[in-house]
Every structure is written in C-alpha cells, then in structure tokens.
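Can you read through this structure? Questions will come right after.
Lettered A, B, C, D, E and F in written order, each chain numbered from 1.
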Amino acid sequence: MSDTWLPTLITESPEAGYQLAIKMSRMGVKYTQPSAEAREKLRPKYAESADSLIAVSHVVAVNFQTVAAANNYWKA
Amino acid sequence: MSDTWLPTLITESPEAGYQLAIKMSRMGVKYTQPSAEAREKLRPKYAESADSLIAVSHVVAVNFQTVAAANNYWKA
Amino acid sequence: MSDTWLPTLITESPEAGYQLAIKMSRMGVKYTQPSAEAREKLRPKYAESADSLIAVSHVVAVNFQTVAAANNYWKA
Amino acid sequence: MSDTWLPTLITESPEAGYQLAIKMSRMGVKYTQPSAEAREKLRPKYAESADSLIAVSHVVAVNFQTVAAANNYWKA
Amino acid sequence: MSDTWLPTLITESPEAGYQLAIKMSRMGVKYTQPSAEAREKLRPKYAESADSLIAVSHVVAVNFQTVAAANNYWKA
Amino acid sequence: MSDTWLPTLITESPEAGYQLAIKMSRMGVKYTQPSAEAREKLRPKYAESADSLIAVSHVVAVNFQTVAAANNYWKA
C-alpha cells in the first residue's frame, strides 16, 4: 500500500469528498484483509446482501462526516 | 453515475436536507452494487425486514447530521 | 408525505427535541417502506425484540444529537 | 409518560450526565414499546446476551456525547 | 456502584483518556447487568467472538471521542 | 501493554492519522482479549467475513474522526 493514498482530506467538491469517503472505507477493509484475492471472493456475498450494503453505506457516511468537516462543508 | 448528483450540501429547508441525506445513503449502496437489477432484487428483502429498515434509518440519520451541520441547522 | 413534516429543527424544550428525533427516525423508515400496512405488519416483530428496540433507541440518539446541536442544547 | 422526564440536559457532574444518558437510552425503547410488561419480558434476554449489553452501552455512549457537549464537558 | 467512578472527563494523557473510555464502556454494561456473576459468565462468549470484540472496540471509540473532545485533544 | 502506545493524537499526515486510527481500533480489542493467541485464532474468521471487515472499517472511521479533529484536519 503506497504511502500516499491519503495525502489530504481537502477535495474540490462534495462529490469528490464522497468518493474519498468511499476510498477510506475500502482502505479500512484492505488493511485488515490485505489479500486482493480474499477480498474479491467476499464481493459476491456482500454485494448481494441488503444488510451488508447498508452497513457499507453507514461506514461511508461516517467517513464523509470527517471529509465534509475538513472541507468546512465546501462553503465558500 | 453523473458527476453532479452532489453539487452542494446546502438545501433550502431541513426537509430538503433530509431528502438529500436519503439520497446520500442510497448512493453509498449504489457505488458498491452498481447494478440496478441486483439492487431491485434486494428491495423486497430489506423493505420487509424491521432490522434492515432501522439500519437504513440509522444511515440516513448519520448523513443528516452532516447536511444539518453544513446548513448551520437552517438557523437564520 | 406532506412537504412540511420537518419545517424546523428548533424545539421549545429538550423533551420536544427528543420527540422530534423519534419522528425523524420513523420517517427514515417510512421513506424506504411507504406502505403503512407493511410497516404495521413489522411492528409486533421489532416491538418484541430486545435487539430491535435497542437499535431503534440508537437511531433516536443519533437524530437527537442533531436536534440538540441545532438548539444549542437549549442553553439560554 | 410525563412531559417532564427531560427538562434539561444540564447536570451537576459527569456521572449524573452518564445517568441521564442511560435514562435517554431507555426512553428510546419505552416510546417504541410502551408496555412495561412487554419490556420486562425482554429483560432476561438482553441482560444475558453479551451482544445486547454491548449494544446498550453503545447507545448510552451516543447519548452521553450529547449530554457532555451540552455541559461543555463539565469544564469550569 | 460508587457515586464517584466518573468524577471528571479530564485526563493527563491520551492513553489515560483511552482507559477512561474503556471504563465508561464497561459501566454501560454494568448498569444494565449489575450482577458481576452474570457478566463473568458472558465473558468467554464475547472474548472469543471476533464480532463482539469489534463491537466493544466500537463503543470504546465512541466514548473516546467524548473524552478527547473534553480534553481538547490534549493539545497544549 | 506499554504505557506509551498512545502518546499523542497528533500525526504528520492524514495517512499517518489513519494508521493511528487502525491502531486505536486494535487496542480496543486487545484490552478486552489480552491473549495474543486467542486473537490470532479469531483472525481467519473475521478476515474472511465481509460483515466483520465492514465492522472493522466502521470502528476505524470513528477513531479517524477523533484523530482528524485533533489534527484540525491537517489544515495548515
């Protein structure tokens, strides 16, 4: 894992911030299960489970709170 | 997914903010399961599960915290 | 659903704020499962499940955080 | 339920604030399951389930965040 | 339970704050299940369950947010 | 456990802060299950469970909120 996947929390727009929140959520998984193969095997399971998808959206929401605060909510 | 689904966190009213929080919660699912067909198949399951519905409401609550803070709680 | 269920986050007292948080938590469910009949069918299940009731209280707590901050914690 | 169970979020000490957070967490359950008898029946179940007890502690932690912020963390 | 288990949220260091967050998380359980014997019986179960341990760490994280804010993040 | 695993919440970069959040999340587990052997036994289970991995990422997200706030979001 490169040392530069998270150089800053500042993004140009709310949507870019949301994308960063997704990335952060995925990295939380990646650090615990570093094998891409193992993660790939799990994908069909959580991508077809409503509860897993809701849980993923929850983690993204928490990370987005952090990114949004860092960007002062993209207010001018 | 258009690059413009989240142009701003600012909304005209608390209720519009709540609607945005719902949209954000759904996008968190959509990014992980991009197939509309797959998501549609899951709907009967979570729409008839009390625990799934509570979990959805939880994610909306977290996103609404962010939107509400961005709008300074719609205080004049 | 009327466009006016959430006209403001400001309430007269902490308790009224808590009531609003409950309403917000229920609306999160209502938007996902709009059928009153379907929701009514789920009630016996979650109302008699300790874990569901705890989960409901959790969502209310998150929404109450938002309402309380909006009201500056009802400090004079 | 009396209209006065939550007259204020201000408490004299952190510990009194923690007690209030517990009360708030229980009221979240009470509003959804108003029958004392039904709640009493659930008690043996969650009081002997590690996961339920952890979930209760989680809700208390969220409510305590609100109470602590309201009291400016009891800093002089 | 003594009236003095939480005299203050202020700690000398981040680590002492983390220890306090653990204590708070345990007290949330203790207030709901006051019997030490009952809690002891549950220990083998959650201490050997990955999901329970993750849930415990989650509660500690929430309480640590409160303690850290109270201490202004231990910034000089 | 050394008394110095958390000397400060301040880090040089967002990524170092994310690493600290991971460490904090693991310590929450370690304090509850101090046996390295027991923890090691659990690893295959949670590392191959999508829901466990999502839950881990959730805890990291909460801890990262704290670390990010402590660092004023690494804004100059």
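Structure notes:
The rule we apply is simple: contacts are C-beta pairs under 8 Å (C-beta built on N, C-alpha and C of every residue); 3 or more make two chains touch, one makes a residue touch a chain.
Everything numeric here is computed off the predicted structure, so don't read it as measured data.
Any chain bridging subunit B and subunit E, meaning touching each of them, is missing here; the list is empty. Simply put, subunit A must spin 120° to overlay its Cα atoms on subunit E, rounded in steps of 5. Here the spacing of subunit E and subunit F, counted between their Cα centres, is 16 Å. One inter-chain figure worth recording: subunit C and subunit E are separated by 27 Å, centre to centre, where each centre is the mean of the chain's CA atoms. Across the assembly, subunit D contributes 46, 49, 51, 55-56, 58, 62, 65, 69 as residues in contact with two or more other chains. Taken as a graph of touching chains, this assembly forms a single closed ring in which every chain touches exactly two others.
Order of chains around the touching ring, counted from subunit B in the direction of subunit C, is B, C, D, E, F, A. If you check the complex, the residues on subunit E that touch subunit D are 3-10, 24-29, 31-33, 38-39, 41-43, 45-46, 49, 51-52, 55-56, 58-59, 62-63, 65-66, 69-70. The touching residues of subunit D, when paired with subunit E in their complex, are 13-15, 18, 22, 46-51, 53-58, 60-62, 64-65, 68-69, 73-75.
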